[in-house]
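Next, two complexes with chain A in common: one pairs it with chain B, the other with chain C.
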Partner chain A sequence: MSTIDRREFLKLVGAGSVGTGAGFMLAEAIKHPLEHLIPYSIPPEEFSAGIDTWYNSVCGMCPAGCGISVRTREGRAKKIEGNPSHPVNQGRLCALGQAGLQVLYNPDRLTAPMLQKGERGSDTFLQTTWEEVLSSVAERLVVSRNRTDSIYFLSQGVRGHLAKLFELFMGGLDSDNLWHYDFDHPHSLYAANDRLFGEQQLPYYDIRNSRYLLSFGADYLNSWLSPVHHSLGFGHSRQGGDGPRGRFVQIEPKMSISGAAADEWIPARPGSEGILAMGIGHQLLAKGRYTAVDADDWSAALKDYSAASVAERTGVPAETVVRLADEFSRSQAGLAIGGSSAGNHTNGVDTLVAVNMLNYLVGNIGKAGGVVFNPDPVSGPTQSRQANYRALEDLVENARNKRIDVLIINNTNPVFTLPKSTGFTEALASIPLIVSLSSFMDETTVMADIILPSHTYLESWGDDIPQPGVGFSVAAVSQPVVSPLYNTRATGDIILDLAGRVGLRETMPWSSMEEYLRDGWREIHARSETDGENFDAFWRDVLRSGVWGENTRREGSVVINKRVIDNLGVAEPEFAGSEKEYPFMLHPFMTNAMHDGRGANLPWMQELPEPMTSIVYGSWVEMNPATAKAMGLHDGDMVTVSSAFGSIEAALVVFPAIMPDVVAMPIGQGHSALGRYARNRGTNPLQILAPMTDSASGSLATNATRVSLVATGRRSDTVRTGGMARQLGRDIVQSTGGDATAAEHSSALNSIPIVVEST
Partner chain B sequence: MNFIDRFVAGWAKYRKPGYYEDFDYAWTMTIDLDRCSGCGACVTACQAENNIPIVGEEELRKGREMQWIRIERYWEGEYPNAKLKFIPMLCQHCDAAPCETVCPVSATYHNQDGLNTQIYNRCIGTRSCAVYCPYEVRYFNYYDHHWDAPLEQQLNPDVTVREKGVMEKCTFCVQRIRQAKDHAKDDGRRRLRDGDVQPACVQSCPTEALNFGDRKDSSSKVYRSMHDPRAYHVLEELNTLPSVVYLKKVETHAD
Partner chain C sequence: MSVSIIHTLRVLRPAATIVLVTLLGLIAGFYANAAFFPGTQPEQPINFSHRIHAGDNEIPCMYCHIQARRSISAGVPSVNKCMGCHNEIAVDRPQIRLLANYWDAKEPIPWVKVHDLPDFVHFTHKRHIAAGIECQTCHGPVEKMDVVSREAPLKMGLCLACHRKNEVEHGTDCWTCHK
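What follows is the complex of A and B.
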C-alpha cells in the first residue's frame, strides 16, 4: 500500500484523480461559505438582513380557511401566526395551523418529479425531469379524452380560483369526474341545511353572542368546521361580554375537548342525539314555546317524542330532557349545533335536521347568537364537488370495470382514510395510469405511477372563501411566503401547463396561477367599493391585508314548509355487527393535532400531548372504568380491537367519561408511509370500519361499527407526558360558583407578607 | 438571634418581593381557566417561537419533555359525573423564586422587569433549580438536540439554541420584550404601551384565555384581569409570589 503525503495529495486533487469522496469533500468546502454568508450584493426585493418580513396568506392545514401572517427572515419562514384582520380567526391560530412550518421544512418532502419503476406500490421511484413527466401525462390525457368520462380527478377540497381552474381543465377534457375528497367533509350537515332551510352553504353559528349552547356531538372547539373561530366565540361568551355568562351543554357518548369545556356533559347513546333533539322539540311545543300558525303541524310531527319515550331511547333521564328544553327556550339567545359523531351515523341527516330545527322553534334564525345564513361565495364554483362515500364506491366500481384510464390525485389520501372494506386500494390496480400531485409520499402517492410534486401552501398562489363563512362575504388571497425549496411546482401551474399541452390554451390562456388569480380578482375589484382605486392598487392592498370582505348581511327570513315538517323523524341508528359478538360501539374521533392523519408527519404534532390523555406518539382505545374492571382489563394493556372487517391492536386507556358500551379511538396514526415521523406508529381505526352509509347524504357512517375487545396479554409502551391525573387535594385548578360575589371569594393575591427583620 | 432567624432575615433582605419596584415594568400573565379549552395552541406556539427541540419518543418515555408551557389535566368525579379540568402550566416567574436561591452559580436570577431569567452560558447543569421548582417547569438538556434538515431553517434567529447540560424554561418571550422596547425607543417613547408585547402563547390563544402585560400600569388589561375576584395563585401556600395569576374556573349547576 502506497502512502500519499500532503504535497502529493494536492497534486492528485488538482489533476482530478483522487476518488470521488475527496472531490466531493473539496466541493463542499468550496461551496460552504457561499451557503452561509448572504450572497447578495443587490438583495432581492423585500429582503433585508436582520429585519422580519411578514406575509399575509391563508392557512392550508384544514378546511376552515383561517388567515395567517407568516414571519420570514432572510428568506426563510420562521413563524406562523393568525392574521388579525381575518374575520375567521382574528389573529389566533390552532396548534395544527402553526405546525404548517413543518410541512414546508419537512425532511420527507418530495423534491423532484418521479416515475414508478418497479411494481406499483413498491416505492421504487426514479427522479426525472418535469418535461418528461408532463409530456407523458399529457400524451395519455390526449388519448383518454376521446373516451368520455374516463379521466378521473380526485382532489382535496379546494375553493376559489383553483377549484374553478380544475373545472375548466376537466371540462376541456370532456370528463365530469372531478371530485373533491376530504375525510371530514360534513356531508350530513350540508344535507340537513338543504332539507330544512333550502341552504346550499353552511350557515354561521353565532356562538359568540349565544348565552346557551346545546351541542349535539359537535366538537366545535377542537375539530369541527372552524375550531379557532368557535373558540373565540366560546371565550367571549364565557367571560368576554357584559351580559350573563354563557352556559354550554355537550351531548355525546364520549367526552370531547368541547365536552370537557362545557358546563354540563350529558352522555347519550351513540346515534340517539337526534331523538333527544326531537324530544326537546316536543317539550317546546308542549309548553307552548312555539306559537306560529303551523304549531299544530309541528306538534303532530313531534308527538312520538315524549320525555319518557326519549329517555328510554337515548339513555338521558326524562327530567333532563324537560330541563334542557326549559333552559334552552328561556335563554336569550340559545343556540343548538350538531355534528362530528352525531352526524356520522346511519341517521346522520335526520339527526342534524332535528338539531337545527330547535333553532327555528325558538326563533333564533338570522339573529345575533343564533343561526345566520351566509351569502354565496364571491368566487369559485357554487356547486359542491365533494365526493360522498357513494361517489367513491362508484369510483371503485368504475375502476374495476376498466372504465377509468387516468386517475389524477391531488393532495388527498383516500388509501389512508377509507375503510379497507371499500376496496379502494385493490381497485387502483385496474387503473392504467395514476398520477399524484402531492408534497409527500403518502399512502395514496405510493400507489402512483407518476408523481408531480406540488408546492406546499406556503409556496403557492391561491385564494380561499372560508366555509362556513362568518355571515358576510369574505375572500382571502394566499401568496408564496418563501421561494420554492425544491424542484416542485404549484398545483395550479401544473394544471395550466398540462392544459397547454393537451390543447386547452384557448379556454385557459394564463401562463401561471398568479396571472389567473389576478385576472379572476378583477371581478371582485369590480364589485368592491374602491373609491376609484385602480386594480393594481387594489391588488396590492389585498395582498398586504391578506383578506377582502363585504360588510353586508343577508336579509330575509326562513319558513320551513309543511312537507319537511311532516317528514320529520329520527330512526334508530343501525350498527354493523351483532351486539353479542361485538359488544362495543366504536367511536373514532378526530383530534386537532392529527386531523384526518395529515398531522402525523409533523414532529410538533406528534409531541403535542393529546389534551385529555396526555399521550404522545401513538394511538389508544378508551374504555369506561367500570367496563374495564368487569373485563379484568387495566390501563396500558394491549388489546385487539376487531370488527367484522378487520382487527387492529392498541393500548387500552381507562377513560372516566365514556359510556360503558362505547370504545373510542383517535384518528390519524397508523401510517404505512408519509415519512419518518408518521410511519409505523399507532393504528388507524378507519381501516376496520364497516361500509355503513347514511342513505340521506350518501356519506360514510364512521360511527356505525361494532367491535369486540380482547386482551393480548402484553403491556403497551405508549408514552404519556402527564403525571397524576387527579388533584389529590392540591387545589391546583380552582373553581368558584357562578353566582359568587366578590366578597365571598376574597382575592387570593393577598399573600402572606414576608417579615423583614432588622439585624 | 439564632441562626434560623439570621438566615431568614438575611434571605428576606435580598429576597424582598418587588425589590425591582424602582424599575419600569413588572411583567405579569393572567390565565382565565373559565376560557381555557386545553387545545394546546399555546404549546405549539411556544415551541415554534423558542426553538424548543423535538426530543423524540424515547426521551419522552424517560420523562424528558421540553415544552416550556404544558397543559395539565385533572379529572374529578366518576362516570357519568366525571369532569376534566385543564390548566396551562409554565414558569410562574416567582418574585420569591426557590430556583434562584439554590443555583450555585447564579445562572438563574431576577431581572429588573421581574422576570425569572436563565443565563445559559453560566449554567453548569446541577439541575438543583428543577428540584426546587414546585411547579416543575424547568427542563434540562440531556443531549445536544438535533433537527432533521431542513427543519432547522425554521429556527428563530432571535433565540439561542441551547446545548447539552443546560437548564432552560419559559422566558415570557424576553426576545419579544426586548424588541418591543427597541421599537418604542425608535419611536421616541420611554415606556411600552399595553399590548406592545405578547408572548407567543398569549398571541396564539384561540379563546383569549391568556393575557400579558405590566401590572404596574393600572390601566392595563392584565391589571384589571388580575384584580378579578376569581384571581388566585397556584400553590399559594408556598409563598413564591408568582407573576402568573390564574382566574378560577366557574362551575355552574343546572337550575
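What follows is the complex of A and C.
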C-alpha cells in the first residue's frame, strides 16, 4: 500500500485544480458567443428585418451616369445592379460600377474633418469638429472674396443641380474660377462637334441601329464615354436585329478590348487616323456617293487626300482605304465614331472633325443608326466648366503669381492625373489655403490644409443628366441608400453650410441638398405630363423609378458652313522628343477597372484582369514581339521608360497587337496615396507625359510623347490569370476567317504542335 | 538479464497519477460549466414574461414577431410596438417603467438572443411557417415560460430528424441549409 506524502498531495491538488480550470475555460470557449437582438425604437417605414429593400439611384463611379439599383438589408448596402428603367444602361452595369460597395465600405475612407498640423503634404492630419473646419474656411472665404477671382474651385465633373449650386456659390463669392476637371473629359470631341455641327453637347451615336461601325481609336466598349450603353448597342447591332449582322472595323495603333471585338483591326500610324478619315471622304466624293449642291466644295477640301497619299501618310494600304470607303458608303446605316487615342493627339480636333464628316457625307445625321443630336439638358448650367489643359496651366500660373488665396478641391485628383511637367504640385505651395472635399486621402487631398470629408455617392442626394445623352431628355435622381457611415457630409450640404456662413443665405436659402433638389425638381414637374399628379406624388414616383424621361427628339437637318468645309484638313501629329533619342510613341490607355486611377483603391478592381493581357495588379509596358526580339527584350524584363520629362519603371509584356514603334501602358496605378490597396503599386505613365496640347481644344495630347526603353537587367513577372495566347493546335477558339489573311494567320497559329515528351 | 516492466511503471506512477488527475479535472470542469452555466436562459434587460403575454393573454406569436411569416428572421418587436399597449396597460409596474425609460430615451432594448444559429446555417422562418410548423416545435412551450430558455438543442441532428420525418424535399441536401 503506497502512501502519499504532503508534497505528493499538493502536487495532485494542483494538477486537479489546473485541470478543472482548463476544462471550465474550454467549455466557455466553445460556447456560442452571446448575441443581441436590437429592435428599432421606431422602425423606418420600409424596414423589415431579413427582407431586401432596393433603392434606385445614379452611379458615381465614372461620368457616364448609369442608373443603379442598390439592394439593402437591415440598412446596409449589399449589392449594386443596373437600374432596368434607366435608358443609358438598361439594367446592366460595368465592373467598376458594381465595385461601388468597396467605395462605401472602404477601410481607408476619411471619417472625420481634419486639419493639417505639420508641413503641407506631410500627412499629419488631426481630426477635429465640423464647426471648427467650416468656420475657419468661411472666415478665409469672407476675406478672400474682396479680391475678385482669388478663390478657385476645382471640382470633379458634376451635372444637374449640384453644378448649379456650385455656380451660385462661386457667383456669390465674386469669382469666375469655377472649374470641373475630369482627366478623361473628351475636350476634342466637344470642340469637333461644335466646329462641324455647331453643337455644344455631344450627340448620341446610335451604335445599336448601325450596321457598319467605323471606329477611329474609340475604345467604346471599355472606357470611351458610356461603355455600358455602347456595349448594349454593340450587342444589338451584332445579334439583336432582324437585318444583317452589323460589321465593325476598329482603327488604332494598339488593340483595345473594342479592337479585339472588331471584325477587322487596322493599325494606322498614331495620330494619322484623321488623315485616313479624310482619305475615306475623298473616295466618297470621287465615287459620287455625295451629290448635294456643295459637293464641289467638299471635293476641293478633300483633294489632297487621294488613296495613295493617305496610304503613305497613315501606313494603311491604298486598297484598304478604297475598300473601307466602299463598305462604309454601301452599307445601310454606316456610322463613324472617333475618340480615345485618336482624339488625344496634337491634331485631335481636326481628326474628330474628319471622322464626324464621314457621317455627314453618307447622310447619316439625325437618322437611326447615325448621329442623333441631343436636346438641351433639363436642368443644370448649360455653360461647360470643364478645365482643359490650358485652364490648368493658367491655374498653375496664377498660383505662382500669388493670385490665388483659396483653392477648393472637390473629389478630383489633378496631382495624380496631370503630368509632372505641369508643375501643379509645386504651384500648390504658393496657395495660402487649400481645402479638399473628398472621401479618400488621395494625392491631391494629402496636399490640403483642411479636409472636409464628403459622403460617397451612395450616401448623398443629387441628380444627373447623362452626358452624352441618349437622344431624348433624361434626368435621374441620386438618393442615399444607406445612412452615412461616418462623420462625413454631402458635398451639397457642405457648400450650403458655407454659403450660410459667408452671407449668401439670400440667394441660397435651402437648408439641405435634399430640400434644394426637391425645390429644383419642381421645374421638371411643371414641364412633365403628369395628369394632374401633385409634386409630392411625382417626386415619390421619380425616387421609385430613379429616372425621368421625355419622349422628345430633335428635328431638323444640319447644314455645314462653307467656311468650315474650306478649312478642313488634318495636320501631321506632333510628338515631344526626337525619334532618334526616343524611338517609341507612348500610348497610355484607360481600362474600365482603373478608369483615371480611381479604381486602384478597390480590391475587386485590382483583382480584375485587364482583358487583353489578363494581368492583375501592377503596371506594365506592351511591346510588339518583333521589336522586343530586335532589342533582345523578353516578357517580364524590367525596363526604364523615359521621356524628356521623366522616367518610370515597369515590366515588359510582349503583346502581338501593337505597332512596332508604339509602346502602351495602362493608366491608373502608381499611387503614392489613396489608401492601402492603391499605394506603392505599379507606375503612373501620366507622370512622364510631355505638356503637348491640341491647340484647337486646349486639351492635353496624352498620346504625343515619345519615349525610350532601356532594360534594367532585373526581371519581374507580371501576375496573370490567363495562360498563353496561342491555341497550340487545340482548336479552342474556332474561326471561320472571312478573308484569306485571317484564315492563314489562324492556321499558322494552329500549326504549332504541342510537344509531348515521351518517357 | 531481463528488465521488469513493473519497475518502469513504478517509476512512472507519480507522473501518471498527476496526468490522470489533471484529465479528470478537465472533464469535471468542462461538464461543471455546461451543467451550472448552460447559457440557455440568459439574463434579459427587462424581465419580459412570455407566459403573461402569449399564455395568459393569448396574444398570437406573430402579433409581435410580425416578420416570421415573410422573412428569414422572425424579428423582435420595436419599442414603439410595446408602447402601443403599455401606454395604457400596467403603466405603473416597475418592469414597464423600465420599458418606458427606453422609450423616452428613444433607445432600443438590448435583448439577448436565446435561440441563435451559427452564421453558416441558412435558416428561414418564412418557409417553416409556410409549411405549418408550430413555433413551439423549435422554441419549446414559450407561452409557459416567464423567462425564455432554450429547450431544443438547435443542432444539426434536430433539423435532420424533422426533415426526415416529414420527408422534406431536398431536406437532407447539404446545400439546403449550408449555402
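We take it that the second predicted complex is superposed on the first by the 691 of 759 C-alpha atoms of A that agree within 3 Å, B and C clash if a C-alpha of one lies under 4 Å from a C-alpha of the other, contacts with A are read in each partner's own complex, and residues count from 1 in each chain.
FYI, contacts are C-beta pairs under 8 Å (C-beta built on N, C-alpha and C of every residue); 3 or more make two chains touch, one makes a residue touch a chain.
It should be emphasised that the depicted structure is a prediction, and the values quoted were computed from it without experimental measurement.
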After superposition on the shared chain, which partner residues are touched by A:S48: those of chain B (first), chain C (second), both, or neither?
second
Between chain B (first) and chain C (second), which, if any, makes contact with A:K79: first, second, both or neither?
first
Counting only touches as set out at the top, which of chain B and chain C does A:F472 meet: first, second, both, neither?
neither
Identify the partner contact of A:W130: answer first if only chain B is touched, second if only chain C is, both if each is, neither if none is.
neither
Per the contact definition in the header, classify A:P656: touching chain B only (first), chain C only (second), both, or neither.
first
Which partner reaches more residues of chain A, chain B or chain C?
B
Across the two complexes, what residues of chain A are contacted by chain B and by chain C?
none
Hey, which residues of chain C end up touching chain A in the complex?
13-14, 17-19, 21-34, 37, 39, 42, 67, 70-73, 75-80, 102-103, 106-113, 116, 118, 125
Within the complex, chain C is touched by chain A residues 2, 8, 11-12, 15-28, 31-32, 34-43, 48-51
Taking the touch rule as given, give the residues of chain A at its contact with chain B in the complex, in rising order.
73-74, 76-82, 89, 91-95, 98-99, 101-102, 104-107, 221-222, 227-228, 231-232, 234-236, 238-240, 245, 247, 255, 257-258, 260-261, 263-265, 267, 323, 327, 485, 592-593, 603-609, 611-612, 614, 616-617, 624-626, 656-658, 660, 676, 717, 719, 721-723, 725-727, 730, 732-742, 745-749, 751-752, 754-759
Using the touch definition from the top, list the residues of chain B that touch chain A in their complex.
1, 5-6, 8-10, 12-13, 15-17, 32-35, 37-41, 43-45, 47-49, 54-55, 57, 60-61, 63, 65, 67, 70-80, 82-87, 96, 148-157, 200, 203-209, 226-227, 229-236, 239, 241, 245-255
